[in-house]
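Should a chain be cited, it is by its letter among A, B, C and D, assigned in written order, with residues numbered from 1 in that chain.
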Amino acid sequence: MRNEMTLEFTSISENESLARVSVAAFVSQLNPTMEELTDIKTVVSEAVTNAIIHGYEEQKDEKVLLTCAIDDGEIEIIIQDRGQGIENIDIAKEPLYTSKPEWERSGMGFTIMENFMDRVDITSEPGVGTTIRMTKQLTSTRALCN
Amino acid sequence: MRNEMTLEFTSISENESLARVSVAAFVSQLNPTMEELTDIKTVVSEAVTNAIIHGYEEQKDEKVLLTCAIDDGEIEIIIQDRGQGIENIDIAKEPLYTSKPEWERSGMGFTIMENFMDRVDITSEPGVGTTIRMTKQLTSTRALCN
Amino acid sequence: MSLQVKFAVRENVLVVRLEGELDHHEATNLRESWQKELNNNGVEHVIVNLQKLSFMDSSGLGVMLGRYKEVQAKGNEMVLCSISPEVRRLFDMSGMFKIMKLVDDEASALEMLGVASCEMK
Amino acid sequence: MSLQVKFAVRENVLVVRLEGELDHHEATNLRESWQKELNNNGVEHVIVNLQKLSFMDSSGLGVMLGRYKEVQAKGNEMVLCSISPEVRRLFDMSGMFKIMKLVDDEASALEMLGVASCEMK
């Protein structure tokens, strides 16, 4: 059975934990392992942080949109901002690349998303915004499908 | 400073805890007391449960909409369904009144909302849906205003 | 965050220990398993231990009241014990203690129901 | 759910104990208070105790790497200890242990940095 949630929130860093906690509460219906739950909280934190600091450059009156759907043990997470967008996605995805080294960014956000999820799709247009779509099949349910 | 979240989710009982957990994570930015946090979780649970069982009569493919805003220590929570609506709001609000005694409903939902929150406004139209708007001023911030 | 339910029988008393959060989603399962236990075992009275229950809403009140009525209809007793401050707020507000008895712990509840208060398995 | 930070000084070693969740929101405050501690007290080396840290993301890695570079620039050492399985996943994935040392507990870390391993205040 399909279950869906959509969470929209003000673009302030206080809401990063809200995003993690909500997605964790939602996917826990599927009985994920501790590792899977940690991975999911981490990638949500990465993408939401990016929307706030890169997409909106810390403007505090914008909105971040998070959608999460579960369907037969597959998790789909979409995080969207209507911020400044990414000029060159290939460069942005490179491990250790960051456009904000002065803020002590590690440049590992996209690398972590790609490692912890099965699939990561980045759509972005300068001046329009960025959408990150990620999916992951949980192992418990993957085993059941064999 | 104003901070806002909007959560929309499928009308299934699994999501009752999601609604509580999300609102609790959101309002905890205001450092509520344990009592205040319990009150808020309880009223969210009441209104979301009502949307699922009364509004949608357990149809599982509808949406419940929850909005929460905090502004200077005042919390506003709005819970909305596009379900069957309430014929007579005055009767519905009476303590112990329930239209579903066969489901072991206690009829205490609205009484709890009115006791645990400062203000509860019910807007409802048969065939269109129900909106519950509740507000509460936290004591910590109330004290500061004196 | 979900509800764990443990049943134990001590002479003619059913002890129901609730842990976690009791809402509408959990109430249906709880009702069914509780009713099954009440029909087994020659059970008469009931003790509900709320010590590890961290959250409850009016759907939980419905289940409590439902079982209370069933137990009372047979002339038996239902006693609550070990309530936490979080859950107590709801019980106080809704006047449940005008109907049901509350005691401090399981030992007191067992004593009240006439069960010798030695170690519980 | 937020971050608690406790600093302690033992001879020339700053011990940083993190508890809770370290994300971008908490990273800015942590950076500031940590840098302040590094400038006080004649501190040279650093131990970061991660035992009670339940969550960390790449913003946390940024703070760790930032402090590591500052400590290393002065010819001193920074050692991590007591990492939980949750947080370890991120460190493993991002190759942090190729750069920083990890030991089992504070006692081992103190010993490695040449501090006599008696009771810590």
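Here, contacts are C-beta pairs under 8 Å (C-beta built on N, C-alpha and C of every residue); 3 or more make two chains touch, one makes a residue touch a chain.
Labels paired with UniProt names: A, B = Anti-sigma F factor; C, D = Anti-sigma F factor antagonist.
As the structure is a prediction and not an experimental result, all values here were calculated from the model.
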Q: Using the touch definition from the top, list the chains contacting both chain A and chain D.
A: none
Q. Hey, which chain ends up farthest from chain A, C-alpha centres compared?
A. C
Q: Could you tell me the distance, in whole angstrom, between the mean C-alpha positions of chain A and chain B?
A: 28
Q. Counting in whole Å, what is the centre-to-centre distance of chain A and chain C, each centre being its mean C-alpha position?
A. 42
Q) What whole-Å value do you get for the distance between chain C and chain D if each is reduced to the mean of its CA atoms? A) 47
Q: Find every residue in chain A that makes contact with two or more other chains and list them.
A: 14, 17, 21, 25
Q. Of all the residues in chain D, which ones touch at least 2 other chains?
A. 1
Q) Mind giving me all the chain pairs that touch? A) A-B, A-D, B-C
Q: Would you tell me which residues of chain B are touching chain C in their complex?
A: 13-14, 16-17, 20-21, 34-35, 38-39, 41-42, 45-46, 49, 52-53, 103-109, 111-112, 115-116
Q. Given the complex with chain B, which residues does chain C contribute to the contact?
A. 1-2, 21, 23-25, 27, 31, 55, 57-59, 61-63, 65-66, 85-86, 89-90, 93-94
(Q) For a test of understanding, state which residues of chain A touch chain B in their complex under the given definition. (A) 1-10, 12, 14-15, 17-18, 21-22, 25-26, 29, 60
